[in-house]
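These are the structures, in C-alpha cells.
Presented sequentially are two complexes of chain A, the first with chain B as partner and the second with chain C.
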Partner chain A sequence: MMFNPVLLIAIPLGLAFIAVIFKKIQKWILALGIIVNAVLVFFVEKGETAIGGFKIPFGISLVLDDFSAAGVILINILALAAIVIAFKKAEKFAPVILAGLAGMNGMILTGDLFNLFVFMEITAISAYILSSEGRKPAQSFNYLVIGSVGSVFYLLGLILLYNQTGTLNMVLMTEKTGFLEQTVLLLPVLLIFVGIAVEAKLLPMAGWVRGVLGNSNSYTGVMFASVYSSAALFVFGRIFSQVLVPGTTVGIVIITIALVTFAAGQASAFRSKSLRQVLLYSSIAQSGLAAALFATGFVFPAVLVVVNNAIGKLIMFSAAGSLEEKYGTDDYIGLGGAFNKNTLTGIAFTIAALSLTGLPLLFGFYAKLNVLAAYLNQGTFFVPAVVLLGTIVEGAYFIKILIKLWAPGKEGEWADADQSVGDKRIFSYTGTIAVILAAVLVVLSGLLPDTAGKLIAPEGGLLGDDGPAISLLIQKGGDQ
Partner chain B sequence: MNLNLIIIITTAVALVAYLVSKVNDKAGAAMTVVGSLFALIAVFLLRDSIGTEITLLYFNFNLTVTGWYFALVMLMAYSMTAFFNPFWMKKLIYPAGYNFLYLLSMAGTLGVFFAKDFITLFVFWETVVWSSAFIIQMGKSRQAAYVYYVISAIGSMATLFAIMFAYGTTGTFVINDAFGGLAAYPGRAIVIFVTFIAAGMAKIGIFPFHVWLPFAHGSAPHTFSPVLSGGLVKMGAFVALLSVTAFPAYKIFGGMASFRGIPLPIYFMMALGAISIVVGTLMAIKQEDAKKLLAYSSVANGGYILIGLLMLDQVGFAGGLMHIVNHAVASAAAFLSIAAVAYRTGTTKMSEMGGMIHRMPITYVVYLIAIISMAGIPPMGGFVSKWLIFQGLADKGLLFIAATAFFGSIGSFLYVFRPLSAVFLGQTFTRDLNKKEVGVFMLFPMVVLTLLSLLTGIFPNIFLRVVTEIQTSLGVLPVTLAENTIVTNNGFLDAFKVFIVFGFGFAIAFVLFIARRKSRRVELMDTYTSAEFIHTRELLHYSHSFYAPFERLYEKAPDTMKLYHKAAVKISEIGNFAEAIFFGIKPARTVLLVMGTVLIGIIAGGVLS
Partner chain C sequence: MIKFASLLLIVIGLYGILSTRNVIKILVGINVMEIGINIFIIAIGFVNGGAAPILSVDNPGSLLKFVDPVAQALVLTSIVIGLGVTALGLVFARKIHKKHGTYDLSEIGGES
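Let's look at the complex of A and B:
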C-alpha cells in the first residue's frame, strides 16, 4: 500500500500542534511522530502530487523522484537515530523537532519555489530554537540574524525571477529561465544561492556554525550537522542541479565559493583542538565539496558525499556532545583514552572517521572514487587534486583524534590504560546500538558499494546526471 | 586452496583471534602464529596456480610470480615475528585489537601483491596502512603513529590521483592495460609516473618521505617493528616495481633526455634512492637507540632496493629483487633480537646495556649474522644482492649512484656494529647479571631467520632462480646462473666458494680462540685513565657518543622533519585566518560578508561574461 507523500509533512506538523496542547505526554508524541515518519517514508507514492485540488502548475505540488526519495529517507531515518541516541535531550523540544521535521520533508519534496521558502522558514525557526539549547544567546542571535538575512535574499531573488518568468513552479521555472540571458539571471541566481548557502553551510555565509555547533549537545549536534545540513544540501542540489542550473559565469562563482569553503574548512579543522570544533569545520568542508559537485551537475556523487557525511557526523557529533556532557570538556587532548572502556562506541567512531576520510572498505571510499571519477571523466584535474590534498589534511586531523582517544600514554612509554581520562560510558545501551548500527551500515555499504549505489539511485542517475561515475563491480577479466 | 580462501580464512582467524583474546590474550596471540603460518604455507602452495585469476567481491586478483615472491617475503616476516606475540601481550593496551589488526594487515598485504586492478591494489593498500597505524599507536609513541599515517597518506593520495588519472586517460582500472595504454600520452604519463610511485617511495622510506621510519620502527611495539621493517616497507618496493614494469617507464620515457641510458624521470627517482642511502647511513650513525638505528638502516637499504628495481636490467634488477629477501630476513632477525634483549632488560637504549653476550649468546649470534648480511659482508645473503646491484651500476656507469652505494656500504660498517658492541659486548650491567636467554618459542624464529640469511648467502641461486622467473615474466633478460655461480659481464660469483674461504678463516680464528689462554675478567670500573679514576659508568660505555667527531661534520645538516612541521604550521595559519575572517560572532560583520559575496559575485559574473 502506498501513501500520499503529503503525510510526511502533515503528520509531524499535526503532531507538533498536539504536542503543544498535551505538554505532559509530548515526549511520547515526539517518539510516535518520528517513528511513524521513519516507517512511512518507505511507503510513499512516487511521482508528482498536486495539493489542494489545484491542477499543476497552478497549485503547489510535491515531487517524489529518486532524488527527493533519497533525501527524505535519509532525513527521517537520521531524525529517528538522533532521538534514539539522546532522547532525554530531545524530549523537551518535541513540538519544535516535529515542526522542523515537517519543514525539512517539505523542503525536499516541494515542487514550488515559494513553498520552498515557507518550509525553509519553518525549519529555520525550529533550528533557531534548538540552537538556544547551547545557552549562548549571542550565538543564537547571530544565527537568527544571518538566517533571516539569507531568507530575505532568497525571497528577493525569487521575486526577481517571478517578475521575469511569471511562475513559481520548479518545472516551469526551468523551462522559462532557459530562454533568459545569463546576465539577467546572474543577480537572482546569486541572491538565491546566498539564501540557501546560509543553511547549506557555505562560507562566508556559515559564520553561525561555529557558535551553534561548537556549543551543541549530543542531540542538537546531530540535528545541525547531519539532519538540517543534509536537508539544506538536498535543496541546494534540487535548485542548482535542476531548476536553476548555473551557466558558466555563475557556475564559476558558485564552484569557487564551494571549493574555498572546502579548503578553509579542512584547514580550520586541522588547527582546532576541540572535538566539536574539528567536526563542525569538517562538516563545512564536506558541504563545500557537495555544493561544488551539485553546482557542476554531478548529483549522484554529491548525494554520496552528503549521505556519507550525514551518517559519519551522526556518530561523531553525538559522541562528541556526550563526551562533553560526561567530562565537561571536548578538548581531545584532555580526553586521552576515552574509548578505552567504550570499545564499541570507539569502533563506531573510528569507522565514521575513516569513512569520512574516504578509506577503502567503507562507504566513504565509494563516495570519494565517484567524486574523483566524475571530474576526471570530464577532464578536470584541478578539483581532484584539491580534494585529495584536503583528504590528506582531513586524514591527519582525524587520525590525531583517534590516536588520542584510543591510546593514552606519555610519549616514550607504552600506551597504558591507566593513563585514561576515565571510564565513563559515552552512550546508553540504546545509543550504543544506534551508533553501531550506523557503523555497520557504513561497512556493509562499503563492501557492497554497487548495491548501495542502486539503493540511492535505482534508475542509475539522479536529476538527469549520469549516475555512478564508476562501477566497482568490475566484471571478471577486469573490464567495466 | 585458492587465494580467496586464504584471504577469507586469515580474516576469519583474525576475528576469532580477537574474540579469543578477550578471554585469554596469550591464546589469541597463539592464533596469530597459526594464522600467519597457515597463510605462509598456503601461499607457498599457490605456486602451481600462478597465472590464474580469481575474483572476490569487487576485487580481482591475478596470481603472478612477482606477487608470489613478494607475498612469501611478507608472510615470512609476519609468521616469524608472530612467535614473539604471546610474550608481549601484557605490555599492550589492546591485546585483542593487536592480534586482530596483526592478521588483518597481513591479509591486506596479500591483496596488494596479487591485485589485478588498481581498485583492489588501493583498497588493500589502505587497509594495511590504517590497520598498522592502529598497531603502532600502542607502542611507545603516539606521534609515531601520526607521522606514519600522514606520510603514508601523502603517498597514498598521490597514488590515488595517479590511478584515477590513468583511469580517466585509458578508461580502465586493470593495472597492465591502464598503464600500457599511456604510451600515447607522454605528457600525462610523466605526471602519473611521479604521483604513482609516491606511495611506494613513502612506504619504502625514500627521501624525503623517510621521516616516518625512525618514529614508527623505533617506537612501534617490539613485535611489530620486525614486520614493519622486514615486511611492510617491501610493499613500497612492489609499487616501485610496478612503476617500471606494469608502467612501461623505459618505453614511454625512452624518447626523453636520458643519462647513461636511464631516462631522466627514472634517474631522478634513482637519485632520491641514492640520497636515501646517504641520509639513512649518516642518521643511523647518530642514533642512541638500537631500534632507531636499525630504522635508519632500513632507509638506506630501501635506497638499494629502489635503485636495483628501477634499473630493470639483467643484473641490478635481480640484485634489487634479491635484496628484498635479504633485507627482510636480516632486518626482521635484527629487530627480533633487539626485541628479545628488550624482553629481558626492558630497554632498547644502547647506553643502558652491555655484555649481553654472556647472558644471551644465541641472540647475539642471531644479531651478528643479521648485521653481517645487512652490511653486505660475505658469506651472508646481503653480500650477494649488493654485489649484483654494484655490478648493475658499474655496467651502466652510473657513477654518482654507485659512489653513494659504496658510501652506504662502508657507512653501514660504522653503525651496525655499534649495537653489537654496545648491547652484546663489553661488561654486563649488574642489573642484568641474572638475565637468561629467551625461551625456545622466541629462539625458534630467530634461528630460522639466521639460517635463511646463511642459505641466501651460500646458495643464492635457490632464490635467484625465482628471480629469473620474475625477470622472464616481465620480459627482462634474466640474470645468468650456472650450477652455483652467478655470471655477469664483469665476472662471476661463486657464493659457496666464498663461504668456504670465510669458513676456513673462521675455523682458524676459532681454534686460536680455544687454544689461547683465558683472559682475566675485570670489573668495568676497575680501570683508570689519565691517572684518574672514572666514576661515571656511561663514559666507559662503547656507545656513548661513539662517533662524536664524525657526527660533528654534519650536525648542522637540515632536518627533513622541519619541512613537514612548516607545512603543518602553514595549514594551521590558513585555518586561523579563515576562522578570524568568517567565524566572528558579530552579526553585522557576517551580514556585510554576505552582501560582499553577492557584490563580488556580480562583479565577477560581469567580468567573466
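Let's look at the complex of A and C:
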C-alpha cells in the first residue's frame, strides 16, 4: 500500500500542535511522530501530487522523484537517529522538532517556489528556537537576523521571477526561464542564491554557524550539522541543478563562492582547537563542496557528498556535544584519551572521520572518487586540485584529533590509560547502538558502493545527470 | 513609482540592520525591510483600473480586468511569517536583556 506524500508533512505538523496542547505526554508524541515518519517515508507514492484539488500549474504540487525521495529518506532517518542518541535533550522541544521536520519534508517535496519559501521559514523558525538551547541569546538573535535578511532576498528574487514568468510552479518556471535572457535572470537568481545560501552555510552568509554550532549539545549539533544542512543542500540542488540552472556568468559566481567556502572551511577547521569548532568548519567546507557540485550540475556526486557528510556529522557532533557535557570542555587536547573507555563510540567516531576524509573501503571514498571523476571526465582540472588539497588538510586535522582522543600524553611517549581524561561513558546504550549502526552503514556502503549508489539513484541518475561517474564493482582480477 | 518606493524601503531597512547594534532597532530594521518587500509584491500584482479579484453579481467585470490575486495571497502569508519571526526576535531580545542587562550588542562583548 502506498501513501500520499503530503502525510510526511501533515503528520508531524498535526502532532506538533497536539504536542503543544498535551504537554505532559509531548515526548511520546515526539517519538511517535518521528518513528511514523521514518517508516512512512519508504511507502510514499512517487510522482507529482496535486494539493487541494487544484490542477497542477494552478495549485501547489508535491514532487517525489528519485532526488526528493533520497532527500526525505535521509532527513527522516537522521531525525530518528538524532532523537535515539539524545532523547532527553530533545523531549522538551517536541513541538519545535516536529514542526521543523514537517518544514524540512515540505522544503524537499514541494514543487512550488513560494511554498518552498513558507517551508523554509517554518524550518528556520524551528532552527532559531533550537539554537536558543545553547544559552547564548545573542548568537541566536544573530542567526535570526541573518536568516530573516536572507529570506527577504529570496522573496525579492522570487517576485522578480514571478513578474517575468507569471508562475511559481517549478516545472513551468524551468520552461519559461528558458526563453528569458541571461541578463534578466542575473539579479533574481543571485538574490535567490543569497537566500538559500544562509541555510546551506555558504560563505559569507555562514556568519551564524560559529555561534550556533559552537554552542550545540549532543542533540542540537546533530540537528544543525546533519539534518537541517542536508535539507538546505537538497533545496539548493533542486533550485540550481534543475529549476534555475545558472548561466555561465552566475554559474561562475556561485561555483567560486562555493569553492572558496570549501577552502576557507577546511583552513579554519585546521586552525581550530575546539572539537566542535573543527567539526563546524568541516561542515561549512562540505556544504561548499556539495554546492559547487550542484551548481555545476553533478547531482549524483553532490548527493553522495551530502549523505556522507550527514552520517559522519551525526556521529561526530553527537559525540562532541556529549563529551562537552560530560567533561565541561571541548578542547580536544584537554580530552586526551576520552575514547579509551568508550571503545565502540571511538571506533564509530574514527570511521566517520576517515570516511569524511575519503579513505578507501569507506563510503566517503566512493563519494570523493565520484566528485573527482565527474570533474575529470568533463575536462576540468582546477576543481579536483582544490578538492584534493582540501582533502589533505582535512586528513591532517582529523588525524590530529583522532590521535589525541585515542592516545593521551605527549608525542613519542607510551600512552597509559591513567593519563586519559577520565572514564565517563559518552553515550547511553541506545546512543552507542545508534552511532555503531551509523558507522556500520558507512562501512557497508563503502564495501558495496554500487549497491549504495543504486539505493540513492535507482534509475542511475538524479535530476537528469549521468549518475555514477565511475564504477566500483569488485571484479575478478587478471585478464577479462 | 510605488515599486521604487518599496525598494527604497528595503534598502532603508537593510541600512538600519547594518548600522545599529541595538537589538530592538535591528528588529525594526527587519520589519521595515519586510514591509518594503510586501508593498513590492502588491505593486507587482497591481493592474491600473483593475477590480478586486472577486467574482460577484455586482462585479461581473472583474472577469476581464482584475488585479493579480496571487500576489495578494503571497503577501498575506509573508506578513504572517514576518509576525512570527518578529515575535521570536523579541523573545531573544528579552533573553539578551535578562542575561546581560542591555539591549546593545556592542556592550555584550564577545559572547561566543
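What we mean here is this: the second predicted complex is superposed on the first by the 471 of 480 C-alpha atoms of A that agree within 3 Å, B and C clash if a C-alpha of one lies under 4 Å from a C-alpha of the other, contacts with A are read in each partner's own complex, and residues count from 1 in each chain.
Quick note on the criterion: a contact is a pair of C-beta atoms (placed from the backbone, for glycine too) under 8 Å apart; a residue touches a chain by one contact, two chains touch by 3 or more.
For clarity, every value in this text was computed on a predicted model and none was experimentally measured.
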item: First (chain B), second (chain C), both or neither touched by A:G461; value: neither
item: A:G59 touches, of chain B and chain C: first, second, both or neither?; value: neither
item: Superposition-derived comparison: chain B or chain C, residues of chain A touched; value: B
item: Chain B versus chain C as contact partner of A:T249, first or second or both or neither; value: first
item: First (chain B), second (chain C), both or neither touched by A:A138; value: both
item: Contacts of A:G334 with chain B and chain C, given as first, second, both or neither; value: neither
item: Touching partner for A:G14 - first (chain B), second (chain C), both, neither; value: neither
item: First, second, both or neither for A:P204, with chain B first and chain C second; value: first
item: Chain B versus chain C as contact partner of A:I125, first or second or both or neither; value: second
item: Touching both chain B and chain C, residues of chain A; value: 138-139, 141, 145, 149, 210-211
item: Interfacial residue positions of chain B with respect to chain A in the complex; value: 53, 55, 57-58, 60, 91-94, 116-117, 119, 122-124, 126-127, 130, 133-134, 137-143, 145-146, 149-150, 153-154, 157-158, 160-161, 164-165, 167-168, 171-174, 177, 221, 568, 571-572, 574-576, 578-579, 581-587, 589-591, 593-594, 596-598, 601-602, 604-606, 608-609
item: Contacting residues of chain A [partner chain C, same complex]; value: 114, 118, 121, 125, 128-129, 132, 136-141, 144-145, 148-149, 151-152, 155-156, 159, 162-163, 168, 210-211, 214-215
item: Partner chain B, residues of chain A touching it in the complex; value: 138-139, 141-142, 145-146, 149-150, 153, 182-183, 186-187, 190-191, 193-194, 198, 203-211, 248-250, 252-253, 257, 263-265, 267-272, 281, 340, 354, 359-361, 365, 369, 372-373, 376-377, 379, 381, 384-385, 388-389, 391-393, 395-396, 399-400, 402-404, 406-409, 411-417, 447-450, 472-474, 476-480
item: Chain A-touching residues of chain C, taken from the complex the two chains share; value: 10, 14, 17, 23, 26, 30, 33-34, 37, 40-41, 44, 70-71, 74, 77-78, 81, 84-85, 88-89, 92-93, 95-96, 99-100, 105, 108, 111-112
